[in-house]
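Next up: the structures, one after another.
Same chain, two partners: chain A is paired with chain B first, then with chain C.
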Partner chain A sequence: MDVTILLQTILSGMLQGGLYGLIALGLGLIWGVMKVVNIAHGEFLMLGAFMTYFLFNPFGLNPFLSALITGPAFFLIGLVIYKYLVRRTVGAPELISLLLTFGISIFILNAAILAWTPDIRAVGYALPSVSFSGLIVPLSRLYAFIAAILLTISFFIFLSKTYLGKAIKALTQNYDAAHLVGIDTDRVSMISFGLGLAFAATAGSINTVANPALTPMIGYLYILKAFAIVVLGGVGKPFGALAGGFLLALAESLGTVYWHAEASVVIAFLVLLLTLFLRPSGLLGRKE
Partner chain B sequence: MSPISKRTLAVVISIVIVVAAVGTLALLQLPPFGPAAPPKDEIVIGMSISLTGKYATPGTFQLQGVQLWVKDVNADGGILVDDYGKKLPVRLVYYDDKSEKETAVRLAEKLIDEDKVDVLFGPYGSALTFSVAPIAEARKTLMISIMGSSDKIFAQGYEYVIQLLTPGSHYLRGTLDLVKAKDPTATRVAALYADDAFSTVAGQGAVAYAEELGLEVVYNETYPKDITDFSSILISLKATNPDVIVGGGHYEDGILLCRQLKEMDVNAKAIGILVAVPIPAFREDLGPDAEYILGPSQWEPGVQYVPDFGPTPAEFFSSFEAEFGVEPEYRAASGYGAGLLAQKLIVEAGTLAGESLRQKAGELEFTTFWGEFKIDPETGLQVGHDMVVMMWIGGERYIVWPPAAAETDPVYPKPPWGGA
Partner chain C sequence: MERRDLPKTLYFSSIAVLAAYLALAPLAGHLITPNFLLLQLMALAISFNIIAGYVRYVSFGHVAFFGIGAYVTAILVWKLGLPPLLCVFVGGVGATLAALVVGIPTLRLRGTYFAIATIALNEAIKGSILILPDSVAGGSHGIPQPSIYAPLASYYALLGVTIGALVVMHFLVSSRMGLRFRSIGEDEEAASAMGINTVGVKLLGFMISAFLAGLVGGMNFWYTTYVEPVSAFNLRISIGMMATALLGGLGTLFGPLLGAVILYPVEQVLWVSFPEVYLMVLGAAIAIFVVFLPRGIMGYIRSKFSEFRAFIL
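And then the complex of A and B:
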């Protein structure tokens, strides 16, 4: 076995894993706090990517910097969507919120096709690669990886150090108990939903660096994977998404190189099934 | 009663003799059995075409191409048909199939059964062509598949369906021919293509052709068409150390593949990618990295074919632009090309009977502005028409292969990616 190939495979898997973690972060947050599986997560990611495209194309704005715009913008949009739509389904059976977010997903997808046509666009932002001792590191993916790690760490610090963050954690652990001890669960949920959408849009922005092509239909490429990553890593754990992302991406890249290019999806979901079997609450989830 | 005068009698007898003679001659002229060819004062061409729905844009181009041909041929007085001993004008009957298979089938039936078309033109795309072909076959009406590239249409044993486009399995042949001609030392071929129907046929066709050319296929894999990361696949591909890389799929994965070939510093003497390369956005989206990548196209305005029938490529280009105010692309050119094919078949066969036209199609070999026409006489599969191979050089798009169409020489070998 060629060691360079093995190392390169692991490196590529790690870089992709960071991106996966970023993509799943917002989905896991909303799911953890209010038990709402946001099926429209992929569509918000798509909207973030489109916003990045429209900031890049006339203005030449760096996609990493445009995340600083798409994130806050979708935080506000998230507050509004929570207030007028999602709030009504919190506490209701999960099927109800599933139906709601599914509806939002279909609405956004078709509105986007109407507005922008199904044409393929691309964010023409490219960075060179660097190589050291035979290993190749594409800088675009390295920076996306670093951004994902930094975002996850800041989110972790926010959760542990601030009152609001602790409140979010409390809701994740037990929504009703949090309510009983006097936490404004409605307000905290609203902010969590906003944060979830902000993470989705940020992921959309940064993902254009790694995968330049976008159409209104790209959301579905990511929602299934994001779902699997959240389950793999453990719902409601800030590092869960990152851990799940690494596991999935490493399984995919090793499967691709040492088995078959088409094997990545099979292996990824085999890993998911195994995890559900051995650790039903995810890698970082509490044992039940 | 006065007796009939000798003079009157002579006139009557003369008339009887003339009538009898003419009648006899006329009888002798009739074929011994079967009806006479019904009088005809026009040639009717029918087409179900997508003017609304998802194929509306390409469908409209195709229709415009056909309409321009009808206009040109009628300005010339029509097409000479020996059976009728004169030129007959062409009338085009078309209906909008809304990009739907069911509608296309119904319209094809209507065109043949009610409008009595002499030749049926195929609809837009392989999917609709596949649905319509059995209708023409059952009625023994010649159908020219204009925009059906799929090989499968011609593997059904149809006798009345003939192909105008280069079939999907031949899409990457030009790239391999180019390498073979330029560089006998380039022997290692890697094929990596998407797992959808079109790309698989093209990729497998390339692999088979590479082996036919005596090249060594060192890598042959498909990838999921919704792929978001090629890194790991390219690690395996790079390890096979290929001279030539061919494959790809559609536009999204095409640009991602090119981007990541650079990121992973995978170099080859020639890289040929399906679909994406001729699209102007390819150069904008990839920037200078788009340069020197090879990509097949059915037809481009700059082709240098010297036709032995119909207008030159330049004449077609300017008359299309004058008529419709837009530059023609290959889907418009194929519409006009189909018209020229029908015209040539009718002139050569001298009849409008489907059977004779089909037989003539199997015998003919000729070149128009669209390129060469030659079909496999058995299946109707196009074997004469070549894909042109495109390359971006210095920000401009050039046809670099085959030599009969090329505007300039390709840059070979492809310079390595910079930056890594």
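And then the complex of A and C:
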């Protein structure tokens, strides 16, 4: 076996893994706080990526900077969606919130196809690659990786240091108990939902740097992957998401190089099913 | 006739009218395909309703069982040349086994894991068929078997399966097993505390549901004599059955039929000329119905007219 290819495969997997962690972050946040799995997560990521595309193409705005616009914009959209739709499903049977967010995702996906056609387009923001000792590091992927890691770390600090962050953690641990000790659970849930969408859109923006090909259909694949990552890392844990992201990306990049180029979805499924079978509370999660 | 008999009479007479129409339409020279697709939508919505309406676990990727049924049927016809009806039956069994494999790890957990695992199953099987050599499952070219072409036979077989499924559901929902399904749907913890083996019951419901979807997939292959991965595992089919069951009324016997009779003409008008608009409408309908009218039209009728309450439609 060629060692350089193996190392290159692992390196690509690691770079992708950081991004996967960021992609799954918002899904895990909403899931943890209000026990709602936002099936439309991938579609919000797609919308963030399209917003970045339209900010880049006429205006030439750097995709990393456009995250500063997509994030807050989708935070506000999240507040509205929570207030009028999601709030009614918190505490209701899971079936209700699952079907609601599934319906939202179908709606967004097909509206996007209608508006922007299913054609592939690309954010034309390219950076050179550097190579050292035979390994090639595309700078675009490296910077996207660094941005994703920094965001994950700052979110972790936000959760542990601020009042709001601690309230979010409290809701994740026990929604009813958090309500009893005087936390405004409805308000914290609303903010968490906004933050979840903001992370989805931000991940979409940054993802356009590393994976520039963009169609309205990209969201669908990411929801499966994001879900597998959250299950791997445990719900509501930023570093869990990062660890899950690394694991899935490594499995995918090794699998696509050594097994089959189209195998990544099959691998994500196998990883998900195995995790559910062996450790349903996640690799880092405690046994329930 | 007494007022309290009204719902029962309405129920049986509308089913009789519908069945008579579907049985006689091909003989009266109507095109078969529209009625075949209407029946297919009904049967799939009945199948989805078993797991999502009564047990209340959402199987997003339910189309996977349709696709598996179609593929198992196609491969058996192709490799062994067995009679189509037998192959369709084995296709149903294949779908049931797939449900067992996905159900065992995921039905121990909350419904979310299950819901996503079914989508993942669908994508993984579609991906596997594309990856496998063409000699195993036809690859991206699919499997054409024009020699089994028999539109009338396959149409009546699907009609038979759909009526059979209705009869089974009619007796199942009021049986002990049906009560177990519904008690899990109402409150799983309470059902478990009452001594119900919830995992086993959920698994059984899922398998029955998958068996029916697998049969429908097999019938579809028999009717069209062709299967290929992208359309057989298309999530659009899942969305169609979900919207149908939800519109008519999840957890009601008559809901899937009513939903199909309403949605199918809409699909015919919109799908042909504006496919994205059609799916957009379905997506919005699913989101709005589940929040504001979670038991669909039948649930609304049941809550408004007291005569309907006692009778489980």
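FYI, the second predicted complex is superposed on the first by the 280 of 288 C-alpha atoms of A that agree within 3 Å, B and C clash if a C-alpha of one lies under 4 Å from a C-alpha of the other, contacts with A are read in each partner's own complex, and residues count from 1 in each chain.
Here is the rule we use: a residue touches a chain if its C-beta (ideal position, glycine included) is under 8 Å from a C-beta of that chain, and two chains touch if they have at least 3 such contacts.
Note that this is a predicted model, so its numbers are computed, not measured.
Judged by the touch definition given at the top, the superposed model places A:V231 against chain C, while chain B stays out of reach. In the superposition on chain A, A:Y163 makes contact with neither chain B nor chain C.
Looking at the shared chain after the overlay, A:H260 reaches both chain B and chain C.
In the superposition on chain A, A:F132 contacts neither chain B nor chain C.
After overlaying the two complexes on the shared chain, residue contacts for A:T9 are found with chain B alone; chain C is out of touch. When the two structures are aligned on the shared chain, A:N110 is found in touch with chain C, with no touch to chain B. In the superposition on chain A, A:E252 makes contact with chain B only, not with chain C. Contacts of A:A122 after superposition on the shared chain: chain B is touched, whereas chain C is not.
When both complexes are overlaid on chain A, the residue A:F59 reaches neither chain B nor chain C.
The contact surfaces that chain B and chain C form on chain A in the two complexes overlap at residues 260, 262, 265.
Contact residues on chain A toward chain B in their complex (touch as defined above): 2, 5, 8-9, 12-13, 15-16, 120-122, 124, 126, 128-131, 136, 138, 140-141, 210-213, 215, 221-222, 252-254, 256-257, 260-262, 264-265. Those residues of chain C that touch chain A in the complex are listed here as 52, 56-58, 60, 102, 104-106, 108-113, 115-117, 119-121, 123-124, 127-128, 130-131, 235, 239, 242, 246, 276-277, 279-280, 282-288, 290-291, 294. Every residue of chain A that touches chain C in the complex is listed here, in rising order: 31, 37, 39, 85, 88-89, 93-96, 98-111, 113-114, 220, 223-224, 227-228, 231, 260, 262-263, 265-266, 268-270, 272-273, 276-277, 280. Residue ranges on chain B touching chain A, taken from their complex, read 192, 195, 221-224, 226, 228-229, 231-233, 235-236, 239, 251-253, 255-256, 259-260, 262-265, 281, 284-287, 289, 418-420.
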